[in-house]
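Below you'll find the structures, each written out as structure tokens.
Next, two complexes with subunit A in common: one pairs it with subunit B, the other with subunit C.
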Partner chain A sequence: MIREFLVWLQDQWGKGAGDTAQSWSQQLLGSLNLWGLVEGTHLLSLMLFAGTILFVDLRLIGATFQRTPVSVLSRRILPMTVFGFGFMVITGAALFFAKPLFYYHNIWFRAKLIFLALALVNIVIFHLRAHRNQQVWDLLPKPPTETRILAAISLASWLLVIILGRFMAYSWFDCGKPIPHWVNLVQECKTSEHGAVDASAMAAIGGTGS
Partner chain B sequence: MKITFGEALPNLRPWVQHLDQVWPAYIIKPQFASWEVLHILSLVILGGTAILMNLRLAGAGLVEEKPSELYRSLRRWQDLGVIGIVVSGVLIGMANAERLYDSTAFVVKIIALIAGIVLTYGASRPIAKADGVVSASARSWFLIGAALWLGSVTVFATAVLANPGLFHVLLAAALIVLLLTRRGARGVFAAGLVVLVLGQIIITHTVIPADDLSRLDPANKVYAALLALWIFGNAAREILSPSTDQEAGRLAKLIGYASILVWVTAAAAGRWIAFA
Partner chain C sequence: MTKQFFAPLAIVTALACAALVGVNVAQAHHAFSAEFDGKSPVLLRGKVSKVEWINPHAWVHLMAAGPDGQVREWMVEGGTPNTLLRSGIDRNTLKPGTEIVVRGYQSKDKSCAPVCKANGRDVAFPDGRKVFMGSSGTGAPKDGSDPNDK
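Let's turn to the complex of A and B:
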């Protein structure tokens, strides 16, 4: 169901008449500069988004800005973080739109979405729990343990989102290559246009795959 | 003429060709992705510190704190970011040397990196440490750093296929100016930006056919120049406004602007090495 939608999104949506006509997704991917600009903006937005949330989390952990009230730091920095996140989401969606099937069958992308969800859930938990009594620990150089744990989870989640996002560019586990069975399963390679090639099965018959 | 290290220093080619086979490059190469991640994480740390410290110099961001307090809280992290960028950059550069040797975007990145270090350590940080007081030494380093940065931008503009990366710098400059412009003028500035960007999209997608590169290229360059004029004109108006600061405050503001944009230039050039 999802895959069929993505096939339509990649190959059909916006496609005009004629043999050489391209869908909007293909036009974006094949554009001379637009794809590069979107990709570059996605990466550069990290400086704003991750660069600012890093210091909010580090303050919550008690590692820096210990003399600055958390409320002041949040009020001044988080709007920039949200703005940067908006850029990341818009450019990220455009990058996904350019190669939806590639990302759908990519283990790093799937893992990235999980940690992205974890980071967002963590924000909700922070607001429901730690944020409620913030006036009590707002000025403390080191906030309470629960707050520090939530900040550490936030840091770790965003760190993993960045790492997994970079690994998506590498073809180590592309469908159609001899890869571990479980990776084929996780990526649903069987339904991909390249199919699933089991590394262990290839080794058993003495082949190396393509 | 293409501006690359290969063109400037052609005798080094045999040495560059073997760089990926000497220590530690041959160890790095199989773990290239991990070192790239380290490079990006260093960029995040450096970007965050540069944005927070320099926006404060420019009069935005954490205005409740003195610039010296931001300096105190951020300096070690900034050192970590700069060291991480340089070390991981040298290592992944060695493993990928020949490509970089023939890349104009790499020349831009290196000049901008040097400019960034000069501006950060020579001007921005000493000014933040002195709570906005601009010493003669900081002024001198700013002039050197700004000249290097403008040099990198000039090379970027001449880089065939990589020059669209300049739009990242323009976008960042527009966002900073938008943030720092006073309320009344902010709407006018934003409206001007929208008109210019929409105009560019309409002209380069409807008036000029998508495959007519001989007309698209000059059209895009004219729009880049107009955007730069609009953005930096507004920045100059904001900085020189008589109602805001003393001369030293204005200079600190200008250094704040430049010290963010120089890192954006280095990062944008770094990304466009892969595209051109």
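Let's turn to the complex of A and C:
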């Protein structure tokens, strides 16, 4: 059902009449300037977001700025993090909109979403648990273990989100290529327009020429 | 200017710079050597069957004989639609049916499944015009096809 919606999103939504008419998604993907602008903004806002959350997480872990109260650091830095996050989400959604089916069948994207969800759940847990008694540990050079663990999870999951996002640019595991069976399953290649080709099956019939 | 206005201003300026660097980011989308083999040059001669005018790389499809002499479908990676337009390649010059000769490098994965893949360096048109069709700064071999190579 998700896939049907994405097919409509990619190929139908905003499509006018005529043979050469393109949907909005296709127009964005083929645009001369807009797509590059969106991608550039995504990367720059990502740098702002990750660069600032790094300081907050390192402070919560107890690795840096140990003499600065957590509340002071948060008040100064977190607005920039939120600002970067807003741009990052909007541009990220636009980049997904330009190629929804590609990302849907992409193992890197699927893994990225998992860690993105983990990072967001982690924020909720932090606010429900660690944040509630912050005045107790606000001045401590090293916050309590639970807080430090949540900060470490935040740092690790955002780094993984970035790294996995970077790998989406590489087409090693695209559907339709001879790839390991489990990758075909994870990406649901069978339902993709390129189909699923198992590397082992290709090897069994004696390679692929050239 | 007071101190408290400096940070937001710096942020907004940085984001506005995206307008200027966006295209360059897209051009250097990925490193050449991650997917293509600089030691496998190919010369593909054939008629354009289709062109995908998409970001971050346009793809030119053509039927052509590969290094083994077998005629197959090739898809050749070019720059962004924007870089191609600026070097004089657009929907009218690269219509389906146009006879072209592409110089490039085959992908490291030589299985040709589902189709053969190559990174395009330059493309020659029937009128003799030869145009650089790749992206600069990706680490592709310096073979003289890129006018921006130093």
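A few comments on the model shown:
Heads up, the rule we're going with is that the second predicted complex is superposed on the first by the 207 of 210 C-alpha atoms of A that agree within 3 Å, B and C clash if a C-alpha of one lies under 4 Å from a C-alpha of the other, contacts with A are read in each partner's own complex, and residues count from 1 in each chain.
Note that in this section a residue touches a chain if its C-beta (ideal position, glycine included) is under 8 Å from a C-beta of that chain, and two chains touch if they have at least 3 such contacts.
Here the structure is a predicted model, which is why all the values come from computation and not from measurement.
Because the two structures share subunit A, they can be overlaid on it, and in that overlay subunit B clashes with subunit C.
Residue contacts after overlaying the shared chain place A:Asn33 against subunit B and subunit C alike. Applying the stated contact rule after C-alpha superposition, one finds that A:Pro178 touches subunit C and leaves subunit B untouched. Shared-chain residue A:Ile163: touches subunit B; no touch with subunit C.
Shared-chain residue A:Leu54: touches subunit B; no touch with subunit C.
In the superposed pair of complexes, A:Thr145 makes contact with neither subunit B nor subunit C.
Of the two partner chains, subunit B is the only one that A:Phe65 touches; subunit C does not reach it.
Touch criterion met: A:Leu73 reaches subunit B, while subunit C stays clear of it. With the shared chain A as the reference for superposition, subunit C clashes with subunit B in the stretch 96-104, and the other listed options (42-50, 96-104, 150-158 or 222-230) are free of clashes. Residues 32-33, 36-37, 39-41, 43-44, 48, 80, 170 of subunit A touch subunit B in one complex and subunit C in the other.
Across the interface of their complex, subunit C is touched by residues 29-33, 35-41, 43-45, 48, 80, 83-84, 87, 98, 169-172, 176-178, 194, 197, 202, 207-210 of subunit A. Interface residues of subunit C facing subunit A in the complex, by the touch rule stated above, are 7, 11, 14-15, 17-19, 21-26, 29-30, 34-35, 53-56, 66-68, 70, 80-82, 85, 109-114, 116.
Across the interface of their complex, subunit A is touched by residues 33, 36-37, 40-41, 43-52, 61-65, 69, 73-74, 77, 164-165, 167-168, 171-172, 213, 263-264, 267-268, 271-272, 275 of subunit B. In the complex of the two chains, the subunit A residues touching subunit B come out as 32-33, 36-37, 39-41, 43-44, 46-48, 50-52, 54-55, 58, 64-68, 72-73, 76-77, 80, 159, 162-163, 166-167, 170.
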